[in-house]
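Next come two complexes, and both contain chain A; in the first it sits with chain B, in the second with chain C.
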Partner chain A sequence: MSAPVHPFLAGTASDAASKLGQSGEAILIFFGVGLIIFVAAGRATGRLHRPMTITVLLGPALILLAVGLVIPAIRTIYLSFYNDDSTAFISGKNYTWAFTNHSAQQALINTLLWILIAPIVATVLGLLMAVLVDRLRWQSVYKSLIFMPMAISFVGASIIWKFVYDYRAPGRPQTGLLSEIVMKLGWHNPPDWILTHPLNNFLLMVIMVWSQTGFAMVVLSAAIKAIPDDIIDAAKVDGARGLAMAFRITLPMIRNTLIVVLTTVMIITLKLFDIIRTMTGGNFGTEVLANDMYSQTFTNFDTGKGSALAVILFAGVLPLVGYNIVLLRRERQIR
Partner chain B sequence: MTGVIYEDASCVYPGAERPAVDKLNLDIQDGEFLVLVGPSGCGKSTSLRMLAGLEEVTAGTIRIGERDVTHLPPKDRDIAMVFQNYALYPHMTVAENMGFALKIAGVPKTEIRQKVEDAAKLLELTEYLGRKPKALSGGQRQRVAMGRAIVREPKVFLMDEPLSNLDAKLRVQTRTQIASLQRRLGITTVYVTHDQVEAMTMGDRVAVLKDGLLQQCDTPRHMYEKPANVFVAGFIGSPAMNLIEAPIVEGGVAFDGTVVPVDRDSLGQASSRGESSVTLGVRPESFDLTSDGTGIAVIVNVVEELGADAFAYGTAKVGGGDVDVIVRVDARNTPAKGETLHFLPKPGETHIFSTVSGDRLSQ
Partner chain C sequence: MFSTSGTRGPRTRSHDEHTRPHARRRALLTAAASASLLAAACSSGSKGTQATPSLTGDCAQYQAYAGHSGTTVTMFASIISPESDSLQKSWAQFTHCTGIKISYEGSNDFESQLGVRVSGGNAPDLAVIPQPGLLAQMVKTHKVVKPPADTVSNENNWAPIWKQYATVNGTFYAAPMSANMKSLVWYSPKAFRTAGYQVPTTWSDLMSLSAKIATSGKGKPWCGGISSGTATGWPATDWLEEVVLGKYGGQVYDDWVSHKAKFSDPQIQDAMKTVQNWMLNPAWVNGGFGGVKTIATTTFQDAGKPILKGDCWMLQQASFYEAQWPTGTQVGPDGDVFAFYLPAAGSTQTPVEGGGEFVTAFSSRPEVQAVQNYLSTPQWAEARIKVARGWVSANEKVDKTLYTDPIDQLSAKYLTDPNSTFRFDASDLMPAAIGSGEEWKAMTAWFAQGWNTTQVAQDIDSAWPSS
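Moving on, here comes the complex of A and B:
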């Protein structure tokens, strides 16, 4: 007889096995259906050939896009004009609420602060790191270290920073890194960081900057390295050094990358949800659009208001994404 | 007086065993057009970049005029450089590109504009001043790069293979333009190329480098007529000089079936060093066709007709082995493939080199 197995473990194991089996089945079915469609389409000849190819290759992507993106977007816009349980049309009242209600206004203002400060600080810091770290001997080690926070989820990062901002009454052993540091520096009675408005907003932004600086650094460092040596040499011969080199040659030549990094971090910031949810749940004056949207929809069960906030968020992200695409396309044309 | 002097100037790249440029000595006169030429990796570009201040001089000194510039940064050397890929600033217009150095130097705007317009007129770029480099053709970009150098009115022009990205026809055209522009401006110029035709046609003097060592620095004509060693002899001239190793015999060097008479003194020098053979150098045009069957027997393999000239590529025999020989023949009366012809070098147009050291032995 085999050794006795704990029933819970046995349950988990059989559960996992059956899940794996199901996944395997699903994959087989997927390939089977795919094969049948492709074989069938491959047999189509003559006038049917081209439309068939287009349908088979484009169809699935279009269907997924419609189900996952287009229909939800349209439905959300539609719902944003209805009341909390989507039974009565109330025209623009949800939007009026979003722009006049105090708590919603706070969310809007905070989001605005976030998208102005966090991306700019992250990009500028990333640029500085790129320039400075590139001159070091073990640059790849430092770069990996700075880039690593990017690999941590926002929830994970928030939990790490929760410890940093942790509050204990002065006199008791401190578990918060920040409190401990400032107390060692002579500030005997530090505040409860997370509860202090408006400081708490900026402390939360630090988390975003911490996780995005590495991304900015890596991308900008690559862009700086892609500037041809010839051009740097020519600028040296022309007399440019230090700041003149940075502001007249290096920065203009990586301008597009700089904007792409800035807008990418902006988009991430605009959708900011995890940090707020984990750290404060939107309390203490730290509410932002995405978290408010979630709270309205799934805590207050007000689909109308939640949808209206979602639409505002969508409208904010859209031009940034569009601009990014235009810029990348222009970049590609130059090369 | 703004000549350029290299004194034992060396450059060793970090981690390299051999210096990229080894004790280079050059004395370039005021207003002279000096061409540095050699195969790739010979150190010619490094020499130029040392003068520009883009490469560290690890030993020796470099002077521009009276000033020791060995360790000065590029901007303090009063030089302008034209790069192989032009290195135009893509985010600036043609006018901004040309005026950039002056702008950095703090020259007033009106003066910059005046100088840029003058240079643009000289280079026929006036109508392109507002364009970005990517909207220009290769030839126009090359002229902008030239303009950027001219605008600064430097003491020395440095050019690093400025023509190698142009197509063949434009290259020949631009070659003469640059040479005449330099004569007109009278600015000392150091020009780097790997193309010996460019070197011969453009330079007042030509310096041949190989493996970081200066082989010879001379006027094009003198270099063609009296190459200092086997390398220069083979490098300068197109098609290349025939360089054939042959044993020394009484009165000359021996080919199978014939003795080619050469200068006695040089053979004497070789024998006194205990060498039993020498390298005979004969340019393709220095052969005379003989009709009486005397001279070196050459079996023709290929005939290249260039219109005005024709070159026969063939094989001769020395000590039982085959050697390749190139001979210029009458373009209107070319030999047939497989035909055997007899040639003798024109008197006084043979070059004798030591087979061991490669040095020139004949006067």
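Moving on, here comes the complex of A and C:
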């Protein structure tokens, strides 16, 4: 059957053309308005000069910040006090649900476990690697290898680890790496890893640690190398060796970097979504805030509950970000 | 199949205010145009009137749809290649004879795209909607057009319950196009013959056969898998639906769908206990995979494979599971695998659970109505059956001898049986928060985390949207 130009295709083509034209116009208007404003601001002198400059330079950033961050945040907070299709005000019911409902509670507890354990383990391991690898020959090769998982997306990493945790009944050909290893070591009846609660939460954290340790190692290793030689020499003259050196000199000197690494991994952990979605879909008691938020909003079409979870997540990230900024400021003042 | 009726949201504002003035003006214009046409026709004799051409030969059967040559009808659906190729072949002759071109578009993302298009003023002429819930959502936009009289009368060849699923607020909107059958149990006829087992025809036979297999020491009687990516859990909802319908009948089933009967009500609880003794029975599942919990991590596609190796004997899964068997597997009453009708778990007369698709119109142009009428006829269904297997209509007028595939034959037999109690997949009818949300999650926890039936019911009931 020879068909003439498919009407949908034709429609799409003309659609695309008109959209291209529209965006061209929009860009022209943008530059035109920008030009006028800059010329006007440049001409302003005297008393008007300073406020004008501030407005012109700060305005666009503030507008973008408002459109992209502040307004959506306020809207999310507003929606969290409304029902599933945002038609009726239900005050704090969504929050009551989040803190009393069994599955939402599970998500909160799991998220708490995640931010307490995964970042600390990743940072400590990263620090150990940084110290140990620094003394090896070919250290850049080892560092690249440890850093490599960082380059793999969480979804990719999860699919790799799915094969590690895969379960087959004992006595059948094993496809899971972990089961195979422990069976070779003499544990004849290993559990179905991903189904065993609460163990499965820790097994999933391993994925995060695996992927973030490299990041921690690289940043901390750079910080250790940046410690001035004279301080180290002075310490040596004073008789510092081994552990004393590590705890009295190295750690205090890289303290700020350590905290930045820790909080960065914590924020990544709070936003954790991909690993859970790919590995379990939030089932088997592994639900976390970010995944529950997505499911509530886009699977259950309950904007209210989804927004409430988003607000809780936001409230959780806020102090971490705030602390990071305070730290950054203090560091700047010292220098 | 399972659904992701992805369109609950604040998209229910009435568009009447906006469309009405335009519609009125257009009507006036049309009236004026036809008046002038009429005047022209009168003044110049017969020239100008659009006489319906008479179709001859093979085309004579399409006479009822003639007179719209050169027009195009757009159609949007979730059916994609290769199934959509069969659809397009099925109406090739219709297009050839009537000159009405059907411009078909299939999308994986149909459920969410349809809503976007309809509210964006870019609705297709016809949409093939697989979930009654989504149809109701579309009707709320006031863009759905009522079907022509012929479609309505053709629809009467389907069991009356189908009309109910396509009816919103007392108005019938869309005629069903195809149907699928879920009340099936897959098994291996060869293995049954070797072991001397009979296909069970009652629930108690099924249960005693299961017990017998369990003690025989050769594999486990049942296997199952409910893992399905983000839709994990849906096959488990089918098991419960089968038992509720078979044990307590259509009325309780309908009440359950509308939440008049809660999950915590004694009847639904009792049905859950039945499922517990069946698919959560450690002695009976999960053949070829391990214990009960492995049902939660086994994909529904893989679930039946151990039947071919003799590790498992039976799998409850829909007619579309036929596509999952490895190539070279013989499907038939004497083959490697086949399916038998899942007997009623109680006194309900021939319970049949299934799904289907509804042809919904967003335009009342005569050529659109002609296509709508044609697709609702048994003639079209027969044309589609002749193209390729794996497709069934529940139209009672369709010649059942045309089905070549044994599973199609079996499905058609039960779907068109006037004495059967047909019900649509309940999770496709429940609100999305339940039917594609909490019910899947809670039932997965039932299998994976050993939740008890009270816990599962409480979790689902508390998530039911209050509005």
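Keep this in mind: the second predicted complex is superposed on the first by the 275 of 335 C-alpha atoms of A that agree within 3 Å, B and C clash if a C-alpha of one lies under 4 Å from a C-alpha of the other, contacts with A are read in each partner's own complex, and residues count from 1 in each chain.
As a convention for this text, a residue touches a chain if its C-beta (ideal position, glycine included) is under 8 Å from a C-beta of that chain, and two chains touch if they have at least 3 such contacts.
Bear in mind that the values here come from a model prediction, so they are computed numbers and not experimental data.
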Fit or clash - chain C, chain B, common chain A: fit
Dominant toucher of chain A (residue count), chain B or chain C: C
First (chain B), second (chain C), both or neither touched by A:Lys143: neither
Touched partner set for A:Lys236, first chain B, second chain C, both or neither: first
Touched partner set for A:Asn83, first chain B, second chain C, both or neither: second
Nearest Cα pair across chain B and chain C, whole Å: 51
Residues of chain A that touch chain B when the two form their complex: 228, 230-231, 233-241, 244, 248-249, 252-253, 255, 334
Complex contacts: residues of chain A adjacent to chain C: 1, 3, 6-8, 83-88, 101-103, 167-169, 192, 194-195, 197, 277, 281-285, 295, 299-303
Interfacial residue positions of chain B with respect to chain A in the complex: 49, 52-54, 73-75, 79-81, 83-91, 100-101, 104-105, 134, 148, 152
Partner chain A, residues of chain C touching it in the complex: 4, 6, 8-10, 72, 74, 92, 101, 103, 105, 229-230, 232-233, 289-291, 293-294, 296-297, 432-433, 436-438, 441, 444-445, 448-449, 459, 462-463, 465-467
